[in-house]
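In the two complexes that follow, chain A is the common piece, with chain B as its partner first and chain C second.
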Partner chain A sequence: MNREFTEALKNEFGTNILDAVTSRNETYLTVKKEANVKICDHIYHHLDIPLISIFATDERKKDGCFKVHYVFSIGKGDAFVIIKINIDGKSPRYNSITHKIAAANWYEREIQDMFGLLPVGHPDPRRLVHFEDWPDGVYPLRKDFDIKTKPPRVEGEYVYRRVEGEGVYEIPVGPVHAGVIEPGHFRFSVAGEPIINLEIRHFYTHKGVEKLFENISLDKAVFLAERISGDNSAAHAVAFCQAVERIAGIDIPARAKYIRVVLLELERVYNHLGDIAGIATDVAFAMGAAHANRLKEEILQLNEKVTGSRMLRGMNAIGGVRRDIGDKKDEILLKLSEIQHDFRELIEYLMAIPSLVDRIETTGRIYNDTAKGLHVVGPAARASGIDRDMRRDHAYAAYPEFNFKVPVQKAGDVNARTLVRADEVCESIGLIEQALWSLPDGDIKINIGEIPDGYALGYTEAPRGETLYWVMIENNRIVRCKVRDPSFCNWLAIEYAVLDNIVPDFPIVNKSLSLSYSGNDM
Partner chain B sequence: MTVEDEVEIMGQRLNSRIKNIFGRSLHIREVDAGSCNACEVEVNSLSNPIYDIERFGIHIVASPRHADMLLVTGPVTRNMELALLKTYNATPSPKLVAAMGSCACNGGIFGDTYASGGGVDKFIPVDVYIPGCPPRPQAVIFGIMVAIDKLAQKIKKTEVNP
Partner chain C sequence: MFDILKKTLKTGSQTTKYPQIPDIAPAGFRGKPELLSDKCTYCGKCVAVCPPGVIWLTEEKGEKILTLSYCGCIFCGRCEEVCEGAIKLTGEYELASKMKEDLLTSIRRKT
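Let's turn to the complex of A and B:
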């Protein structure tokens, strides 16, 4: 797959492609800096391959330049194509691709803030990660920036988009919200009830995670990956471990792969149950919410019994898993069958209540082309008719061994997202059952010594959608770890989803997209 | 002992203390100062039908102006510092502050960096520390109980002896 693809690109672009390296399912094509727009546009629009991440590296010490990577994912054939351009540190500028590919928007702004590489021609060149009080010319992910530096606060102002007209007013919300949720700022422009425009402003919880990865040892890094987005701990940890395992070229024991599937699916079940509870809460249907919350709590208690942590933390390690769950098999299966029975009943009950369905049908619609253009991922994408799931398209751990369906809905509204989640819960329980019934014997972890120098992608389908890691290791230390949480893709979709909806429906739309602030801000 | 029994026993003790000091109930405002959202999951768990802390007289409120106590999570990021201070100043005195989770206690794994402040007590006075990553709901209930005892001491100190 990769070879044909590389040949086709070489024929099309000839001397613009300087170098091609393939390892595993990843092909790295170094191209001329000036050709990035042309080539990315061709891959994205002509070959119809989605752009799933853009990130930069500071390799000035070794190669004398910065590098920007564009990651494309070929679902059919399980391959990744990474287009690389080199950028000289003396003139840190390159051409923006956002006017061709809308999904590149935030990535380019993030690189501008963290590396000081200027995307020339970006339609919205404001800051993204740093606030107005951050001084100019300080870029945390450059190698010459010390993580302990505390840059002074400077004067500055953030300019919001303004909507003007008769009767238009603004509603600012956050960063400290009324409910128990994470911090972020929303600015609604409203005329009467319907929302004309929403601007989101995030990165309140920016904790310098990517820089921190470069300053800690490898085993501690798993611990950090678990704490990027708290309720997606297992998905992040597995994605990180898989990246490192791929660099080391090791295949973990089959039993560990099966256990990882159980952990990842338990996580999906409790997240989806929590989201369904949230939707019931936001339409003021307390009884439905109480039922869903009880089921979620039962999974959290099961997690604690099985792994020692309600959030499934501390289980994954580079080379496998830390704790065997074989002896808890019957307990898990029994509990899940009870939960499945109750859950089916609950969903039937919820979906038969007209006042609930009325609130969620046609609310917060994300049309298929919007979802595709922004590269929305996870249940939100599948509810808008995008049939993508990393577990199937880029299978990892033990997923190739199991049967499962990827539920897809077309409507793109809150109702569709709820139905996708409901179906996924049942599929997940099915996956856990399959994994536990056929749990292979053997070790759960292999010892790995020094990790050789290299780089690789690691990925999982978290409850919120595809989670992507790109790790580069030198001398057994991480020199760059790019984390792409699913929420980073999905946040912009909410600006479209709420249009023409009324302000009181915003919480439902927000909950139905189930977005992580911390995973986004990092 | 089941989780339900644990919560019941602790909750009754908590309830009697709240009654003694506050008359009716304790109002808490939760502030996320940059947590990873696991602590939020556990705070939300406190309101589910298993723990249901409202029956012990604890109410999670929407505004700091209604709160007796702030429950702060996260290492206090550079970008949340101002919002946390504003929230603290908006809370009427006498007030309690509980730092929930390892990050809030001392920065946790995020430490003290360009973006992370390294713990709540560097920015506002903290009365109780609730360790754990994240702390279990039972631990949070226990932490709140310890905080209430501290408030009793605080009130005593401010009383003028005849």
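Let's turn to the complex of A and C:
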């Protein structure tokens, strides 16, 4: 797949492609800096391949250059194509691709803030991660920025888009919210009840996670990955471990792969149950919320019994898993069959209540072309007719061995997102059953000593959608760890989902998208 | 409506009697780590592997002191894994306190 693809691109772009390296399912094509827009545009629009991440590295010590990587995912054929450009450290600017590919918007602004690489021609070059009190010319992910640096605070201003006209009101919400949730700013412009514009501003909780990765040892890094997005712990830990295992060129024991599937699917089940409970809460249907929350709690307690942690933490390690779950097999299977029965009954009740369905049908619609243009991922994408799932398209762990369906809905509204989640809960339970029924014997972990220098992608389909890690290792230390959480892709979709909806429906739309602040803002 | 009532009756009360009746954590739960002074060799392996860095080895007035803070502990169990029996993760989870000092534990030995 990769070879044909590379040849086709070479024929099309000739000398613009400087170098091609393939390892595993990843092909790295170094291209001329000036050719980035036309090559990315060709891959994205002509070949119809989604752009799933953009990230930079600071390799000035080696060759005086920063590199920007554009990651494209070819679902049919399980391949990744990474377009790489070199940017001279003395002239840190390159052409923006956002005017051609909307999904590049936030990545380019993030790189601008963290590496000081200027995307020339970006339609919205405001700061994204940094606040106005952060001084100019200080870029935390550059190698010459020391982790202990405390830059002085400066004066500055952030300009919001303004919607003006007779009867147009602005409703600013957050970043301080009434309640215990994370900080984010939502600026609504309304004409009466309907929302005519929403602008979100996030990144109030920047923790410097990617910098932190570069300053800790590999075994400790697994625990850091686990804590990036609290309720997607297993997905993050597995994605990180898989990236490192790919660099090391090792195949973990089959039993560990099966156990990872069980953990990842338990995580999906409890997240989806929690989201369905949240949607019921937001339409004020307390009975539905109580039952869905009760089922979620049962899974959390099951997690605790099986792994020693309600949030499935501390289970993954580079080389496999840390604890065997074989002896808990019967307990898990019994509990899940009870929960499945209970859950099916609950969904039937919920979907038969006209006052509930009326609130969620046609609410918060994300049209297919919007979802595609922003590269929305996970259940939100699948509810808008995008048939993508990393478990199937870039299969990892033991997923290739199991049968499961990828539920897809077309309507793109809260109802569709609820139905996708409900179906996914049942598919997940099916996957756990298959994994436990055929759990292979053998070790659960292999020891890996020194890890050779190299880089690789690691990826999982978290409950919120595709989670992507790109790890680069030199001398057994992480020199770059790029984390792309699904919420980084999905947050912008909420600006479109709420249009023409009424303000009272915002909480339902928000809940149905299940967006993470912490995962988005590292 | 009738269905909802039926479901409610079938589910019954799910609330437990905690804290009047203690809620015992299941076997294998990773809770409060405990230091056992008679087994500790003060080798410092736990200090090296602790991801959040909340275990310290210090020396004061001819005594070796190993201190652990429950404050930043993430209950990963790495210390227990590398130690030869002097650190054990227990089933205890009621760690909330009003004073940070209450969340420190230490063992010491004369050098």
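Just so it is clear, the second predicted complex is superposed on the first by the 521 of 522 C-alpha atoms of A that agree within 3 Å, B and C clash if a C-alpha of one lies under 4 Å from a C-alpha of the other, contacts with A are read in each partner's own complex, and residues count from 1 in each chain.
Here is the rule we use: a residue touches a chain if its C-beta (ideal position, glycine included) is under 8 Å from a C-beta of that chain, and two chains touch if they have at least 3 such contacts.
Quantities reported herein were computed from a predicted structural model and do not represent experimental measurements.
On the shared subunit chain A, the superposed partners chain B and chain C overlap sterically.
In the superposition on chain A, contact is made by A:R227 with both chain B and chain C. By the touch criterion stated above, A:G274 is placed in contact with chain B alone, chain C being left untouched.
Within the superposed three-chain model, A:K511 lies out of touch with both chain B and chain C [touch as defined at top]. In the superposition on chain A, contact of A:V180 is made with chain B only, not with chain C. Set against each other, chain B and chain C differ in how many residues of chain A they touch, and the higher count belongs to B. Using the contact criterion defined above for the overlaid structures, shared-chain residue A:Y204 touches chain B, although it does not reach chain C. In the superposed pair of complexes, A:F131 makes contact with chain B only, with no contact to chain C.
When the shared chain is aligned, chain B comes close enough to touch A:M311, but chain C does not. In the superposition on chain A, A:R294 makes contact with both chain B and chain C. When the two complexes are superposed on chain A, the residues of chain A that touch both chain B and chain C are 220, 223-224, 227, 294, 304, 313. Looking at the complex, you find that chain A touches chain C at residues 216, 219-220, 223-224, 227, 287, 291, 294, 304-305, 307-309, 313-314, 322-323, 345-346, 349, 352.
Across the interface of their complex, chain A is touched by residues 3, 30-45, 47-51, 60, 62-64, 74-75, 77-80, 83, 87, 108-116, 133-134, 136 of chain B. The part of chain A that touches chain B in the complex is made up of residues 131, 140, 145, 147-151, 175-176, 178-183, 203-209, 211-212, 220, 223-224, 227-231, 233, 274, 290, 293-294, 296-297, 300-301, 304, 310-311, 313, 516-519. Residues of chain C touching chain A in their complex: 3-4, 7-8, 11, 14, 25-26, 28-30, 49, 51-52, 74-78, 81.
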